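Okay, so chain A shows up in both of these, paired with chain B first and chain C after.
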Partner chain A sequence: MAKENLIPEVDIVIDQEAGVIREIKPEPKLRSKKAHEKRVNGAIYAILIAMSVIWLLPFILLVLQSFRVEYGGQVAYVIPKQFGLDNFKFILTETNFPRWYGNTLIIALFNSVLQTVIVLSVSYALSRMRFRGRKLFMKSVLVLGMFPGFLTMIALYTLLKNLGLTQEGAIPGLILIYCASSGMGYYISKGFFDTIPKSLDESARIDGATRFQVFLKIIMPLSKPIVIYTILMAFMAPWGDYVFASYVAFGKSDSYNVAVGLYDWVNTNDFQGYFTRFCAGGVLVAIPITALFLMLQKYYVEGVTGGAVKG
Partner chain B sequence: MASVTLEHVKKIYDNHVVAVQDFNLNIKDKEFVVFVGPSGCGKSTTLRMIAGLEDISEGTLKIGERVVNDVEPKDRDIAMVFQNYALYPHITVYENLAFSLRIRKMDKNEIHRRVCQAAEILGITEYLARKPKALSGGQRQRVAIGRAIVREPQVFLMDEPLSNLDAKLRNQMRAEIILLRKRLDTTFIYVTHDQTEAMTLGDRIVIMKDGFIQQVGTPQEVFETPHNLFVACFIGSPQMNIFNGKLVKEANGYSVNLLGMKLNLDEEKCALLRKNNVSSMDVLVGARPEHMTVCFDNKASAINGMITVNEMMGSELHLHVAAGDSKNTILRIPTIDLTPAQRASLDAGNSIAFTFPTKVIQLFDPATEESLLYR
Partner chain C sequence: MTDLDYLKMSKGEKLVHNAGKWIASLPKKLLNSICAIAMFFVNLVKKFIAEIKDIVMTFVHGDWKTRVSFFIMGFGSFARGQWLRGLLFLLFQTVFNMYILFFGGAYLAKFATLGTIATTKVNRKTVYGDNSFMILLYGILTIFFIIAFIYTWRANVRQNKISQEILKSGKKLKYAKDDIASLADSQFHKTLLALPTLGIFTFTVLPIIFMILVAFTNYDATHQPPGKLFTWVGFDNFKTLFSSGSANYGDAFGQVLLWTLIWAFFATFLNYFLGMLVAIMINKKGIKLKKMWRTILVMTIAIPQFVSLLYVSKLFAADGLINSLLLKWGWIKEALPFWTKPSWARVTVIAVNIWIGIPYLMLIATGILMNIPADLYESARIDGANAVQTYGKITLPYMLFVTGPYLLTSFIGNINNFNVIYLLTQGKPDTLGNAAGATDLLITWLYSLTVDNSNFKIAACIGIIVFVVCAIINLVVYNLIPSVKNEEDFQ
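So, the complex of A and B:
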C-alpha cells in the first residue's frame, strides 16, 4: 500500500471560540452528493413555485379586476380591456367606505396599543414572578383558548348592549372585546421572556430598579422582535374580523368595519356593478397590512421562532 | 460599609426542600468572608437571601443595624457580581456601568466621574463604547465588577465570579480582587466552590454542607484545626489522607496504631484529648499529603506500600500509594531535594516506605466524624 494512503485526509480547523483544534473529515463521494442535492433542490423549487402561483393567482386577479373600467361581474377574460381608477374613485366618494376604513383603523390602532401592553405585561408576570395559582391559571387559559371565541357571542352581545356599546357604540365595544381576552395570547411572548436570563432582572433589581423599570429598561429593549410581533398580531386581528364586527355593529352602516361593509355590497341589488368595486376595496384593505409586513418581516420571523429556540 | 448579621436564618423552598438550616454568622464591617462548599450546600442561596433575591423563611438578617428581611433588593444598598456576569447586552459598557446611577437620578457629571474612575481601576477605559458582546470573558467580568464599584455600596456580594473564566485568567482576577478589596476597603461576601479561592481571598471562611455551617474560621484555622472530617477533606489540595486507626489511652499519654505502626502522640495532642475526655477507641486518622515524607532508608519503622500512580507536577511529585487497607494515600514530595536515584525509585509499581510526624495529624470519631481534638 502506498504510504500516503495511510495518512487520513483531514482538514484541520481551529475553532477560535472553543479554543480547540477540530478535525473535519472530507465528505466522501463529493460529486454524487452534489448531483443528488441538485435533484432534491430542483424538486423543492418546482413545488414551491407551483404553490406560490396557486396562492398568488387570486391576489393578482383581485388587483387586475380592481382596475377594470368595464361593467360586469364575471367576465371571460383576465386582463381588463381598459385600465382606470374609476372603482377606487367611486368607493372613496360615493359610498360609506372611507368611514368603514376609518373605523377599522381606529379599532386596529387602539387594539394594537392596548393589547400589546396587556399581552406583554401578562407574559412578563407569568415568566418572572412566582405566585399561587400561576400554573393553574396558565393551564386553564390554555384550555379556554381551545374554544372558538364566537361561542361567547350571545353573552357578549347582551353585555355590550346593556353597556350601550352596540350599533352606535360599536367601535369602543369592539375595542373592548378584542382587548378583554388578549392576555390569553401570552404563550409566545412568555416563551421569549423565558429565554432572557433571570440574572439580568436580578442584577437590575440590585442596581436599584423597580420591577417596572426592569421591564421597561432591560426586558423591552431585548424583546424588540416579540414586541413587534405582538403589535402586528394585535393590529391584524381586528383588521380582518367579520364575525364580532358584524353583530356588534348590527345594521348600523356608520359603525361597520371594512369586512362587514364590503360584504354588505354583496347583498345590494347591483351585485354585478359592485364586483370590481369590491375588488378595489379589497386592494385598499390589503395595503396597510402588506406595508406593515414588509417593513417588519425581519422581526416577525425572529418573533415567531425566537420563543422556541434558546437564544 | 456595614456589618452583616444573620441570626437563625433558614430557607425552605416551596417544594419543602430545606436549603439553609439555622445559619448564624456575624460579618464584621470591612471583613472579607467567603462561603465555600460543594454544590447544593446552600452557599449561593444564603448570598441571594442577603441580596434580597430570595425570601428568608425564618430568622433575621441585618445589614448594619437595620433588619432587612422585607426590604427590596434595591433598597439594601448592596452590589452583586454574578457568575454569568449578567451585563445588559443592549447597552454599551459605559451605560452598563452608569445604569444604577441613572436609576438613582444622580448628577450627570458625578456619573461620568464615577464611571471613568471605575473603568480606570479595572483597566477597561478603552472598551467603554463597546457592547458587552464584543468583550472577552475576563473583560466582561471586569465590567460586572465595575458595575458594582460605581455604586459604592455598603456590602459587596460575589457569586462565583471567577467560575466562568479559564484557569490562567482566574488566577489573575483573583489577585486583582485582592487588590480591589484593599482599595475599596468595604465588606465583601464571596461565594465559591473552589477552596483555593476561599483560602487566598477570605479573612474568614464559612464552610457549608447540606445547608449547615460546618466551620467558620480564618484560612489558617480551618486548615490546621478542622472541626470535622468534612472540613478536613474539603480544605487542602490534594485532600487529606484518612486512615483507620486505633487510639489507645496509656498511663502517661495517648498512642495511635495504624497500618501496623504505633505512633506516640505529642504532649499538645494528649492534652487536648484529655481535656475532651477521650478514652481508647477506633479513630480516623487524617494526615495531609504535604506532611508525608518518604523514607529511603530505615524502612522498618515506616508505613510500607506500593506506588500506583506517579504524577509529576513540576516542582513536586504526587504519589498515589496503596498501603494496607488504605488504597489511595497521596504523598506530595518536593522534587528539589531528591537525588536522581531517589527519583527513579519513585516510579509507579515500586514499593515505598513513608511516614509523617504525629504533630500534624488529625483524629476523628468514626461515628460522628467530629474532631476528637477541637470541638
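So, the complex of A and C:
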C-alpha cells in the first residue's frame, strides 16, 4: 500500500505565531450542500410524519372504538364494522356518567377560581413584599414538597370525614383538599412577578396607592398570561385526579369524578361490555379539555418555559 | 499545581482531578456544617434566654395593665383603647382554653401510650375504648395549638411593652382603624398569606407529621382502630424494611428503590434529549408547518392522562389491539408479554413515558432554543462547524445550563411519577413479593400498601425514604450545578 493514500484530504497550515497546527477542511461544493440540505429535510419530514402517526394513533383509535356498535372488548380490527352513537346514548342515559361529568365540572370551576386567587396572592406576597418569615415560608414549602403526597392520604381522609366531607360530601371535600395546599405551587407565578419591574410599584405607592391597589390595578393587568396559565392548570387538574378522588368518594358512585368512574369501567368484571363505553366517555371528557387547551396553548407554553428556566 | 498544568490536562484527567479535590474537601465541609449546626443551637439557647429575660423585665417594669395581661391576654390593649387587638388576643385565649379543656387535653394526656383501653364486647354490644388514630392525630393538633398559644402569648406581652414605651414617649398608639387599614397596605402580606398558610398547615403539615409518626408505630391491618389499639414501637419498622428474609421487606425494597432510580434516570434524560432533538428538528430552517407538528405532539398534554394512559395500557394488553393485529397477520405465534414479563413491562413503561414526555420537553426546548443568540451559530458556521459540532458545543451546553433546575425538578418528579406507572401497570407484574411489582416505584408501592394492604406503618416508612432520597438528590445537585444556585449567571 502506498503511503500517500493515508494522508487525509485536508490542508494543514502551521500557524507560527500561535504555535499550533490547524486543519482547514476543503470547502464543500455549493451544489452538493443544497442537495445535502434537501436530503436532511426529507429525513426530518419522514421522522415528523412517523411521529405524528404514533402520537395521534391512540386518539384516533379511541374515537373509532367509541363509535363501534358491535359488542366486545378489544377486537382485532381497527375500523368498526358498524358505526353508531349507541355507546354515547348508553352512557348518557343509563349510567351515572352525566353525574360524574357534572361533579368534575363543578370541582374544576371552583378549583380554578379559588386556586388562582390563592396562588396569585401567595406569589405576590413572596415576590413583592419583604417580611419576617418569608424565607422560612419558602424553605418550608420546598421541604414539604419533597414528601410524597399520598403519604398524607389517610390522615386527610380522617380530617375530611370529621368535617362530613367524604362520600356524600366528597365534592366540597375535594375542592377543599385541592385548594388548601395550592399555596405551595407559587413558583411559576412568583417567577413571573419577579420579572415585572419594581419601579412600577414604587411610583404607584408614591402616588398614594396601597399595596392592595398596586396588586389589583398594576400587577394583575400586566400578568394576563400567568393568570390564564394558572386558571388553565387549576381547571385541568381535577379531570385527571384518580387517587384522592377515589379515596374521598369511598365507593359512593354519586360522588365520583370522571376519572374514578371511567377507571372503574375498565377494571370492572364486565370489561367486554364496557370497553367501548369507556372509549365514548373518554372522548366526551377529552374533547372540551383538548379544545380549551389548544385554544390557550400560547399561555401554557409561556408558563411552562418560564417555569422551567427559573425552576 | 499551577493553572497551566491544569489547562494542559485532558478532559478525563480534569474530571479526576476535580473529583479528587471535591472528596478531599469533604471532611472540611463536614466539619464546617457540624460547626454551623452547633452554632445554630447555641444561638437558639442564647435567644431563648434573652426572651425569658425580656419577659421577666416586662413584668417587673410593667404597669398594672401590663401585669394583668400576663394572665388575661389582651387586657392591656383593651385598657389602652386598642380594642381590636385586645379582642383578638382575648378571643384566642378563650378558644384555646376551651379547646384544651373539652377536647385536646384528653388526647394529649394519652399521647405517650396512644391509648390503653381496648375496645371490647359486652353482651353483644361493642364498647369503644381508646382510638389510637384519633389520639395521634389530635395529639399533634393540640401540640400545634399549644405552640401557637405560646407564640401569641409572647406577642401579647411584647405588645404591652411596646405600647407602654410608646405612651411614655408621648406618641400616639395605633388603633383599630389604623390596624385595619394597614392590612391592605404595609401588612398586606398577612392578608394574602393567612388563609393559604392555614390551609397548608391543616392539610399538609399536620398529615405529614402524622404519617411520619405512624412510621414509629405498629399501625397496620391487625392493629386497626377503632377495633384495635396501636402503639409506639420505635425503629422496628425500619428494621423490617431494611433487613432481608421472607418475613421482611428488605429484598423487595432494594429492588423497588433500584428500579425507581433507573426509571427516574431514563424517564428524565431520554425524554430530555429526545424532546430537544424533536424541537431542533421542528425549528430547523426550511421545515414547514411548524405549528402543526407542535400541535399534534401537544395533544398528549391536552388530553387527560387517565384517558390516554388507560387506553394505551389496554392497547398493549395480551388481548389488546397490537397483539391481536400481529397475531392476525401471522407475525408472531403468541401474544407479546408487554405487561406480564418484568423486563418487557419495564421497557414498555419507559417507552410509553417517552410518548408522554417528549411534547413537554419539545415545548420547553423550543422556547429556550429561540433565545440562543443567533450570532453564536453564525460564527460557528463560519468556523466550519457541522451540525453535530454546533449541537455539542453550543446548543447542548446552553440548554443544560438554562434547564439545570428543570432537570432537577423533573428527576424528583419522576421519582414520584404515580400516574404513568399506576395507570399503565399498577406496578404489575407482581414478582417481588410483599405487594411489590416489577414496575412499582416507591410511590406506587406506598399506595398499594396503604390502600390494598392497610400496611400503614411500612407505607409511612417508605414515604420517609422517598423524602430522604429526594432531599439527598436536591442537596447534591444544588452543590454541583451552578445554574441552580445563581439563576442570573448565564447572561
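Please note the rule applied: the second predicted complex is superposed on the first by the 250 of 311 C-alpha atoms of A that agree within 3 Å, B and C clash if a C-alpha of one lies under 4 Å from a C-alpha of the other, contacts with A are read in each partner's own complex, and residues count from 1 in each chain.
Everything below uses one rule, namely that a residue touches a chain if its C-beta (ideal position, glycine included) is under 8 Å from a C-beta of that chain, and two chains touch if they have at least 3 such contacts.
Note that the coordinates shown come from a computational prediction; the quantities given were computed from them, not determined experimentally.
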| item | value |
| --- | --- |
| Chain A as common anchor, with chain B and chain C clashing or fitting | fit |
| Touched partner set for A:Cys179, first chain B, second chain C, both or neither | second |
| First (chain B), second (chain C), both or neither touched by A:Ala204 | first |
| Partner chain in contact with A:Pro221 - chain B first, chain C second, else both or neither | first |
| Chain B versus chain C as contact partner of A:Ile79, first or second or both or neither | neither |
| Comparison of chain B and chain C by chain A residues contacted | C |
| Chain B versus chain C as contact partner of A:Leu136, first or second or both or neither | neither |
| Chain B versus chain C as contact partner of A:Ser121, first or second or both or neither | second |
| Chain B versus chain C as contact partner of A:Ala286, first or second or both or neither | second |
| Least Cα gap, in Å, left between chain B and chain C after the two complexes are fitted on chain A | 8 |
| Overlap of the chain B and chain C footprints on chain A, listed as residue numbers | 210, 213 |
| Touch list for chain C against partner chain A, complex | 133-134, 137, 184-186, 188-189, 191-193, 195-197, 199-200, 202-208, 210-211, 278, 281-282, 284, 286-287, 293, 295-308, 310-312, 314-315, 317, 319-321, 324-325, 327-328, 355, 359-360, 363-364, 366-368, 384, 402-406, 408-409, 412, 416, 418-419, 422-423, 442-443, 446-447, 450-451, 456, 459-460, 463, 466-467, 470-471, 474, 484, 487 |
| Chain C-facing residues of chain A, complex | 24-25, 37, 41, 44-45, 47-48, 51-52, 54-56, 58-59, 61-62, 73-76, 78, 118, 121-122, 124-125, 129, 131, 134, 137, 141, 143-144, 146-156, 158-159, 176-177, 179-184, 210-213, 215, 236, 239-240, 242-243, 247, 259, 262-263, 266, 275, 278-279, 282, 285-286, 289-290, 293-294, 297, 300-301, 304-305, 307-311 |
| Contacting residues of chain A [partner chain B, same complex] | 130, 197, 199-200, 202-210, 213, 217-218, 221-222 |
| For the chain B and chain A complex, residues of the former touching the latter | 14, 51-53, 72-74, 76, 78-80, 82, 84, 86, 88-91, 99-100, 103-104, 147, 151 |
